[in-house]
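As structure tokens, here come the structures.
Both of the next two complexes hold chain A, though its partner changes from chain B to chain C.
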Partner chain A sequence: MRTFAGVEDEDKWLAEGIAGIQHNAFFMHRALDANNLREVLKYSVLMLSELRTSKLSPQKYYDLYMRAFDQLRQLEIFFKDESRHGLPVVDLYELVQHAGNILPRTYLLCTVGSVYIKSKQAPSKDVLKDLVEMCRGVQHPIRGLFLRSYLAQVSRDKLPEIGSDYEGDANTVMDAVEFVLQNFTEMNKLWVRVQQQGPGTVREKQEKERNELRDLVGKNLHVLGQIEGVDLEMYKETVLPRVVEQVVNCKDELAQYYLMECIIQVFPDEYHLQTLDTLLTACTQLMPTVDTKIVLTQLMDRLSNYAASSPDVLHEFLQVEAFAKLSNAIGKVIETQLEMPIVGAMTLFVSLLTFTLRVHPDRLDYVDQVLGACVVKLSSVPKLEDARAMKQVVALLSAPLEKYNDIVTALTLSNYPRVMDHLDDGTNKVMAMLIIQSIMKNDSCISTADKVEVLFELIKGLIKDLDGTNTEELDEEDFQEEQNSVARLIHMLDNEEPEEMLKIICVVRKHLMTGGPRRLPFTVPPLVFSALRLVRQLESQDGDIAGEDVPATPRAVFQILNQTIEVLSSVPCPELALRLYLQCAEAASDCDLEPVAYELFTQAFILYEEEIADSKEQVTAIHLIVGTLQRINVFGVENRDTLTHKATGYSARLLKKPDQCRAVYACSHLFWVDDLDGIKDGERALLCLRRALRIANAAQQMANATRGNSGPVTLFVEILNKYIYFFEKGNPHITPSDIQSLVELINNEMQSDNGNTTIHSDPFFTSTLRYIRFQKQKGGLMGEKYDPIKL
Partner chain B sequence: MVLVLALGDLHVPHRAADLPPKFKSMLVPGKIQHIICTGNLCIKEIHDYLKTICPDLHIVRGEFDEDARYPESKTLTIGQFKLGLCHGHQVIPWGDLDSLAMLQRQLDVDILVTGHTHQFTAYKHEGGVVINPGSATGAYSSINQDVNPSFVLMDIDGLRVTIYVYELIDGEVKVDKIEFKKTSTTNSAP
Partner chain C sequence: MQLILFLLLVSYSLKTGYCDWDLNLLIMNYLLGAFKPACNISITFTDGKNRKQVPIKKDNGQTVMNPLFQSQETISGKISIEPYQGKKVEHNGVKVELLGQIEMYFDRGNFYDFTSLVRELDVPGEIYERKTYPFEFSTVEMPHETYNGVNVRLRYVLKVTVTRGYGGSIVEYQDFVVRNYVPLPPINNSIKMEVGIEDCLHIEFEYNKSKYHLKDVILGKIYFLLVRIKIKNMDLEIRRRESTGAGANTHVETETLAKFELMDGAPVRGESIPVRVFLTPYDLTPTYKNINNKFSVKYYLNLVLVDEEDRRYFKQQEITLYRLKEETS
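On to the complex of A and B.
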């Protein structure tokens, strides 16, 4: 039993060993030069005896071994040349067996054996069999391993493979395989025995040492993979079963893990496909502490790559029922390894899903099955808290999205939402964002109400507060980004059939209404405009379409719109609601729905009167109200009068005089619409302008009173321009002299200012005058109109 | 040669998900010297996106814009031209050329750029040019029933400006071109 000594001690022993080898090698060389077989043998034995040490760790022993190895090469050259030592190789083979100790004896035997095989005086297989048996004599783990490693090295080019110089009879490949298998089996047994009883720290060192040795064992598998003539049949019937047998029976965690990995990496993927049963059964028979999932993951990854390499191989996968076998094996592993943490199980599922998506992308049932198994596993844990496991689940859910660029495919997977349910709220939202991004990136269109329902279930973390979340805690920017994404998403939901589109709108509305006041300002506008697009489409079609629950008519849609915009009052955001009401009102007018349009205007006006108090907002709101009303032609006289009266009233009551003035003259357009059958009430239009003029005057007086000088004449010039506008349109109540007097008024105002005019009005007035001159010189009707005006 | 991109009324995300991909691939950073935007983006993300195309971004307030700090109107000088920018919902009747001409006189500019109607127009009159780049996303409009996504690129070269309008019609980008020349005395009819 080797005790673990200090490093300095080991270095000392190594140095001693090296010295010993060098010392004896020196004499051995002298004997070689003298062709003195006896002496050669004597010193070679002494030299090899250094390898009998049991004091060194594998790393250091390797050092010693390599020096001996180099010397043995020289020795082999000597042995080969019969003329130098005079003995036929057969006799040499016999002679070296008389060496005293078994270790030097066997090294020499192997060396001679190499020469023997090369001489072809005996079949390779016989010599090899003899040698591999002889090595049994050395049962010390480290010494035995290196010895057999030496045997493997010298025999490598002398195996009776097909096409080699040493090819034997019909069974030749089998013989080669048999030899390697036996050496492998014995080496594995030795390797497993490199053990020490001891406390934890000792075990660590022991593991390290074992790992240093593992490639010696693994090399045999590489050789097996390279032997000429080993075909699938032989691999399946002989090679793999024997290797697996040893792996399972050795009952050693380290060996099993390493060798399974080796098998997977060394042998071709086609072989793995055809031997899935054997491999997977072996996986379930390994020691419970072996990390089988990594093994399985490696296997699946290799098979995935194999499938991706060429489309022709796919039928092989189907033929061997790869998917069924793999998913069963994984299921079993997860079931039996109860201590496996959830992240391990999820990793396995991710690998299996990757495999499935690569190999059987058209089999959505397989994909769903994997997700289903995942759901079962997730249900078995009370709550998923491990962040790494969460990441794996996100990877699992993202894979189908990336594979099928069409989200609609993912939506048909019945287990997809069930997996999402197990995510914590934060991750759920991350996943929801990924789904939306996938839709946007691929420009996907979701076109049925059913699919929209599924989709909104999936992204419900963004749509509403899930149990336990508090919107107050969310980062403002993140929240806005989320909601804007949902808003954009709504435009990807579309169907040309109005019936279906209406259903979609109802489904979306149902979900959005659960969002709460913080979300509505983001989500309601896109819904409204989506509905308005539908109205336009319905309007352009002939006849009504009877829908199932809700008939697809513009009127029905406006009802929905009204109820939807109403909800904004709970936020509250009256400015937004006002804008939306006006948009709907104009759309209603285009549909000839006078009562609906009137109702919508009423709502807008109520909001203006009761909710919009900010002066700047009022100005914008007035512009929108007047601008919309100006365009609407559905109202009868009474309704129109009521609304215009209200609008002009609001305009006159704005806070700042200039705002008042501008709003009032804007109202003049309410009484003059340039359409064929538009209203053309010249008198009332002029009344507005005169009122605006009075307000402008008042503004000037106020400026005089407060600042001691008059304000800019801009307002007057604007009103002048409006006079010109109606004059040109043919308003009979506006005469050239009206325009003339206005021009003079402005001139007076500018002069009375003692040259204190602002830059603004000068160029404005100037260009207005220039325009008048231009129109005058135009000639024709226009020129005539302007003629009386003298500038 | 100075390239000025004029666009607006994107209405993202209220009325559209994003700019059309064909437009996005044309709007490459570094090729354009100025952007003038008629407003109604509506969100900061679009503002940031426009800034990546060209850092010199001029923008005015549309009635649906999230950022209330954009000005109601703006004037700027590029080369020999004075440009005016205003969303247009403030000018009643909406889209009325004569009323827009009044605004042009008031701002004292050669080229007036406004939006709101989602309809591309380029109109030359006594006082100069009035341009409406339309809606870059083809967003719904109560004013215009048939909206195609469009934007305008102006090439200002000395006293001449060439106006290119890009319109997405049935999935294809169609380009048209109009030229204006101003005489050296400002604001006189050519």
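On to the complex of A and C.
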């Protein structure tokens, strides 16, 4: 038994062994040259006796073995040539068996045996059978493994496989298979035994060493895979059952894992497919510690690739009910291997799913079945916390998305959301993002309310706060990105059918409303615009709408919108709400729904009054209101008056004078809409401008008083521009003299304060003046109009 | 020949049973040589050129070739007596004896003749020149085989005596070898046995026969039913047990003639190890049972298992060896 000595000692022993081999090889070669059989045998036995050492690790032993192997080649050449040694090979075959030590004896026997087969003086199957049997005498694991590996090597080209010289008569490919199988079985037994030597302290090292030996065993399977003439029938009836029997019975973790892997790698895919039952049964019979999932995963990967390789083979998969079998096997493995971490189970499901998607892309029920099994498994564990498992689940869920390029398909999977439920919040979000990205990438349109419902159920991690989430920990940027994605998603929900679209909007709204104050500012606008799109659509097909029983009327939509925006105002996010109200009001106006528009405007005003306190915001709001109101033409005189009055009132009550001034002159547009049928109340427009002038004046005085200089000449110039605008548009109440006096006023102002402000206001004012001159010189109708103005 | 040497070199150097026991004879020969006998006696067999010669190890360790006979054969030939030049040989008669002798180690120099035949060749007279006498022992009963053991020797010899009154008789010996062949035994059962040490080791072994001829092959199998010890290797030994004397004086000598490794390393339960041992390379004789109440030679197969602490576990089984008539020769 090998004691675990230092590397130095081992090196020394190896060196001694090599020296021994070389020494005896030298004499052997001399005897070979002299054709002296007796001496040849004597020294070859001595040489081979060096392989009897127990002191070397497998790696070092291999080194030694290789040196002996080279020498044995020479010996084989000598044995082949009867004229050199003078003995018939059959006698030689007996003669080498006289050696007293088993290891040299069997090495020589194998060498002569290969010559014997080559001579064809005996059926190769008999010789092979004898050799493989005689090797049984070497039970020392490492020595036995190398011996049998030598046997495998020298016999490799002498197997009676189909097409070889040694096939025919009584020698069939079956004998070749039988031989390799037996050698394999014995080698595996030896290999399994390697570990059973020595105490636990060196276990790890031994496992590593043992692993180095595995290819010796696996080589047999490669040979089996390469033997010509092993058809499916033979593989199914003989080869696989025998190999599997050995694998299962050896009850060794390392061996089982490696050999299953080998089986899957070396034999053709179609064989695997036809022997799925056997393979899968074997998988469930492996030791509980064996990483069955990798084995199964590899199998499924191979089968998937096979399925993908050619569409012709797909019917085979159906024939053997590959899916059902795999699915069962995985179920069983997961059931029996209680120790298997959840990530393992998940990996298996991912592979199965990949397989399903490749092989049965049309069978959504299969996909759903896989997901269902996954749900069952996930339900059995308290809470998914393993990050790797999570990753697998994400992979599991992403696979159908990638395959079908269409979320719509995934939405029909009833178990899909149930799997998602088991993700933790973070992962859930990641997954939701993936789903959204998939939708975006493929530009897929979700067009029914049911699907939208499912979809929102899926991405609910993004839609609302889940229980126990600590919102403060969230990264603001991530959050924004998520919400922006949701916003983009909303635009992907579309249906030509207004009725369905309305349903979709309702569903979306229902979900979005649960989002809480942080999300609503992101999610409501797209919803509103989506709804407005519907409104416009309804409007454009206005003529087709028949009867009152149609639920999708613009009015209904506006009701929803109103409610939606209302929520937003309470968030609070009044500025946004205000804008949306205005948008809606404009849309309502387009639909000729005066009361609705009025109501919306009212809401906007209320908001302005009650919620918007910041002066800057107010300025912006006022301009928005004015702008919108100006464009709306649905209102009756009374309503319009009320609203414009309100707007002007607000304008005059702004805090800062310049703001007031600007808001007021903006209001002038409310009374003069440059449309065909627009309102044209020149007088009130002029009133506004005048009022603006007053305010500008006041502002200037105020500036003079406080700072000693008058700043806002700009305001005058701006008002001048408004004058010119209305003048050009033909407001009869604006006369050239008005303009002229204003120009003079500005000139005066600038002279009285020839400080730095001159420089400031100069360009705007100068270009305004230039414009007036230009118009004058241009002549024509406009030139005439300008003519009275003197600069 | 090659085979034997090969084995001696590569296998285990077997302890040879050779002993320098026939000292008296040696000295006598020497003295005779010193006095220079008056004549040269040579013995030739009728078919000496064609007859098979077999190697026999002499007392001094050298190997010489001697002709081979079997029982019931007629032993004939010629004896020529040639006086050395210018000398004449006076004698009281010339005779040739065929002797079958058993010589025991503890009673050295004392031959027990179990066969003794005499032919008178010449009446008393003088020999001046080379003179040749034919002789013949027809269908001689030679029941025992030539044997060279540790403590006993059985030999056949032709002894020519030129009897002289003065100066001692001139004696010449010619050894020959007797081997007797037997047909295939009608009943030849296999040996099958289960042995073991409780809770420790349990094996079942099987040898295909209980009677083997000298060029036979032992085939068999060893099944390991239970292995709880760490076995290092397993050998099959062929042992020869030679017992001489009788009763209280019985002396038993056991030699291991072959040690053949059957297995290297530790098997596990359920393993079966093949046995294939060619007997050709070994220097074996048939089993001899109670040869003239003087000695017996028996053979055993000894299965030895050695564990890692070098403890030996063994089981010995007697086998019968016999000499099968060779078809070829």
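Following the convention adopted for this analysis, the second predicted complex is superposed on the first by the 753 of 791 C-alpha atoms of A that agree within 3 Å, B and C clash if a C-alpha of one lies under 4 Å from a C-alpha of the other, contacts with A are read in each partner's own complex, and residues count from 1 in each chain.
Operating definition for what follows: contacts are C-beta pairs under 8 Å (C-beta built on N, C-alpha and C of every residue); 3 or more make two chains touch, one makes a residue touch a chain.
A quick note: this is a predicted structure, and the numbers were derived from the prediction, not measured.
Asker: With the two structures laid over each other on chain A, which partner does A:674 touch: chain B (first), chain C (second), both, or neither?
Answerer: The answer is first: A:674 touches chain B but not chain C.
Asker: So, does A:666 touch the first partner chain B, the second partner chain C, both, or neither?
Answerer: first
Asker: Is A:103 touching anything from chain B or chain C once the two structures are fitted on A? First, second, both or neither.
Answerer: second
Asker: Hey, is it chain B or chain C that touches more of chain A?
Answerer: Ranking chain B and chain C by residues of chain A touched puts B first.
Asker: Output check: A:432 vs chain B and chain C. Expected answer is one of first, second, both, neither. What do you get?
Answerer: So A:432 meets neither chain B nor chain C here.
Asker: Where does A:573 make contact in the superposed view: on chain B (first), on chain C (second), on both, or on neither?
Answerer: A:573: touches no partner chain.
Asker: Output check: A:95 vs chain B and chain C. Expected answer is one of first, second, both, neither. What do you get?
Answerer: second
Asker: Which residues form the common part of the chain A surface touched by chain B and by chain C?
Answerer: Common to the two interfaces on chain A: nothing.
Asker: Could you pull out which chain B residues touch chain A in their complex?
Answerer: 11-18, 21, 43, 45, 63-64, 89-90, 92-94, 96, 98-99, 101-102, 105-106, 108, 126-127, 139-140, 142-143, 145, 187, 189
Asker: Could you pull out which chain A residues touch chain B in their complex?
Answerer: Where chain A meets chain B, its residues are 440, 443, 480-481, 484, 487-492, 522, 525-526, 529, 532-533, 536, 579, 583, 586-587, 590, 620, 623-624, 626-628, 630-631, 666, 669, 673-674, 714, 717-718, 721-722, 725, 728, 760, 763-764, 767-768, 770-771, 774.
Asker: Within the complex, which stretch of chain C touches chain A?
Answerer: Where chain C meets chain A, its residues are 2-3, 5-7, 9-12, 230, 233, 258-268, 271-274, 276, 278, 280-281, 308.
Asker: So in the complex, the part of chain A that touches chain C is made up of which residues?
Answerer: 1, 37-38, 41-42, 45-46, 52, 94-95, 97-103, 105, 133-134, 136-141, 143-144, 189, 193
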